[in-house]
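Two complexes follow with chain A in common, the first pairing it with chain B and the second with chain C.
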Partner chain A sequence: MSVEQNKATLRHMYDEVWNKGNISVVAELASPDYHFGEYKGPEGWGQIVTMIRSAFPDLKYTIDQVVGEGDTLAYRISGEGTHKGKYGDLEPTGKKVQWTQMLFSEFKDGKIVTTISLAGGLDLYQQAEEHNKEVTRRTLEDVINKEDVSLIPELFDANYVHRGPGGQEIKGHDGWREKVKMMRTAFPDIRYTIDELVSEGDKVVCRHSSIGTHKGEYAGIAPTGKQVTMSGMFINRFEGGKVVETWGVSNPLLLYQQLGITPPAG
Partner chain B sequence: MGTEENKATLRRYYEEVLSKGDLSNWNELVDEGYVMHLIGAPQPLKGLEGAKQVQSQKVFAPDGKISIDEMVAEGDIIALHGKSTGTHTGEYQGIQPTGKKFTREYAAFYRFKDGKLAEGWALHDLLGFYQQLGITPPAG
Partner chain C sequence: MSVEQNKASMYRCFEEVWNKGDLSVLPEVIAQDYIGRNPGSEVRGIDAFKQSIIAARNAFPDLHYTIDDVVGEGDKLAIRLTVQGTFKNKYGDTEPTGGPVKYTMALFNRYVDGKCVEAIPFADRATISQQLGTTPSE
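== the complex of A and B ==
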């Protein structure tokens, strides 16, 4: 088969198999001797496609460049898709990701017999970590600072739990709506600043400070009109691209001192 | 220039420039408008100045070698893939030497103009590389 015929086969494979998930076409395009790592035969190839497409159900590959010599095609492709299923050991982030691959496929009798594939695999992890940082940033800057509680379901999992140092918990979307309402009532001009964000795997660590004027009742304390600054840290854990758990610490004693009142006993 | 001449030029580029870090024949091998699209880098690297921004393997792995496993040429394009191997005995991107041996796979495409490298696209298996050194990849 000629290089041009092999290219036509390759394009057909990307249109039908990868981009549409039409696994039944694999048998026409893959040699019975097909092998890629431990995956053998057209069936093994079908498994790879199913695996990738379940991680990225809206997967779309674009062939950016393809050249051929003898029985080999070398090609560069761009992939994009929404990360909705587990990919390797990376939990779904819900984030739309893009990556680049370079591949070398060997053909036999017009069918693909093996492929060498290199991917910018690091990008996926980086993009997921960037996504988690961005979500964390929005929980403070958009939800609290701008009081946009409509974003809560987009940023927090329905099973969300916030764990504080004394065992107190804030649960679910309603818990967050309450928290925002309570803070905005006590400190209507409250403004959080993110001092540091560190992302690794499915966790984000955030160090923050905030400033606000005490104009409403806070934890049973009548408004003092004083401006207070606070700082704290928390860790967000992510599942499916949303925050599912937070461990947070702050220093309430500092708040009481600034309000000029005696902290409640106990 | 035919594809065989281009392949010979590319072999020299890998041997002299990338493996040995020797830039003395740069103008003989590389077109003055050369642009390298390094996958994952924020911007394309332009010409000799761009090449100097990429840390030479000579620095972080002085014993390093870059092998070419396969070349595929058609028209003015050559695609290739291979491995770079070495021992991490020098600082790499702020990471102190680990003394560990690594094998890093790469693939690249080059477009030639008048027998010289005019444009390139390259990617490395960075994740595998970091894993072999036993370190956490830096966040983006």
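== the complex of A and C ==
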């Protein structure tokens, strides 16, 4: 078979199998000897397609460039899709992602025998981690610093729970709205700074500091007019691209000291 | 220039420039206005490319590329390579591990007059990050 015929087969494979999920065509395009890692034969290929399309149901690949020589085609593709199902051990983020790949496919009798794939740019794990960092950044810089509570449903899951060190909990979107209102009433000029963000898998660790003037009642303490600085750390856990759980720690003793009052006993 | 001439130019670039560090060959195999479309950071011009070779060979003094497969058509070459070396000195902001690094990468290159004018690299990034001791988000 000629290079041009192999290219036509490749295009057919992306249009029908990858982009439309038409698995029945796989047998026409994959050699009985097809192998990709542990996946063998047209059935093995069908499994790969099914797996990736269940992670990205709206998967769309575009072939950017193809060159061929002998029985080999080398090509660049761009993929995009919404991450709605589990991909490897990565839980769905609900996020639209894009990626590029370069592949080398060997053909035999006009059918694909094997493919080697290499990734370009950020991989999917990195994209999810970057997204989670960005959301975490916005919860402090936009929601608290700019008092934009309208963003809360976009950044937090409806089943959100914030767990404090003493077992206290803040629940749902309303819980966050109240938290912002309470903080901005007590410290109207409050300003959070992110000192460090570390993202791995479905979690983000954030180390932060903040500064504000105590102008309203805070935890039963009448306004002192004093400027205070605070620092703390929390871990956000993500589901579907939104924060679903936070574990936070801070040092309230420092705050009481700065306000010049004795912390409540116990 | 033919596909075979482009291939000869590509082999010289890896064997003489990258593997032996002979930078004098560079102007014969790389165009003045070369662009390397690395993810997140483009390498523009032959001088920037030269600096990236010096930096990589400094960090990995025994850096070695092996060409595993080449597919040529028209003015393009698709190249699959194995890269290996010992990470002995700081590379960018990454501290050396002292250990070996080995991974597969690929390039989509375009040639004019037998010189590479554009390269689009692809790599097994997860493996690289693991071996460099960095997390993938770096």
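We take it that the second predicted complex is superposed on the first by the 261 of 266 C-alpha atoms of A that agree within 3 Å, B and C clash if a C-alpha of one lies under 4 Å from a C-alpha of the other, contacts with A are read in each partner's own complex, and residues count from 1 in each chain.
In this section, a contact is a pair of C-beta atoms (placed from the backbone, for glycine too) under 8 Å apart; a residue touches a chain by one contact, two chains touch by 3 or more.
These figures come from a predicted structure and were not determined experimentally.
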Chain C versus chain B on the shared chain A, clash or fit after superposition: clash
Chain B versus chain C as contact partner of A:200, first or second or both or neither: both
Which superposed partner A:57 touches (first chain B, second chain C, both, neither): neither
Touched partner set for A:3, first chain B, second chain C, both or neither: both
Contacts of A:67 with chain B and chain C, given as first, second, both or neither: both
Intersection of the chain A residues that touch chain B with those that touch chain C: 3, 65, 67-69, 72-76, 100, 102, 104, 116, 118-123, 125-126, 129-130, 199-200
Of chain C, residues touching chain A in the complex: 3, 39-40, 69-74, 76-78, 80, 104-106, 108, 120-126, 135-137
Chain C partner contacts - residues on chain A that touch it in the complex: 3, 65, 67-69, 72-76, 100-102, 104, 116, 118-123, 125-126, 129-130, 133, 199-200
Chain B to chain A touching residues, read off their complex: 3, 39-40, 70, 72-75, 77-81, 105-109, 121, 123-128, 130, 136-137, 139-140
In the complex with chain B, residue positions of chain A that touch it: 3, 65, 67-69, 72-76, 100, 102-104, 116, 118-123, 125-127, 129-130, 198-200
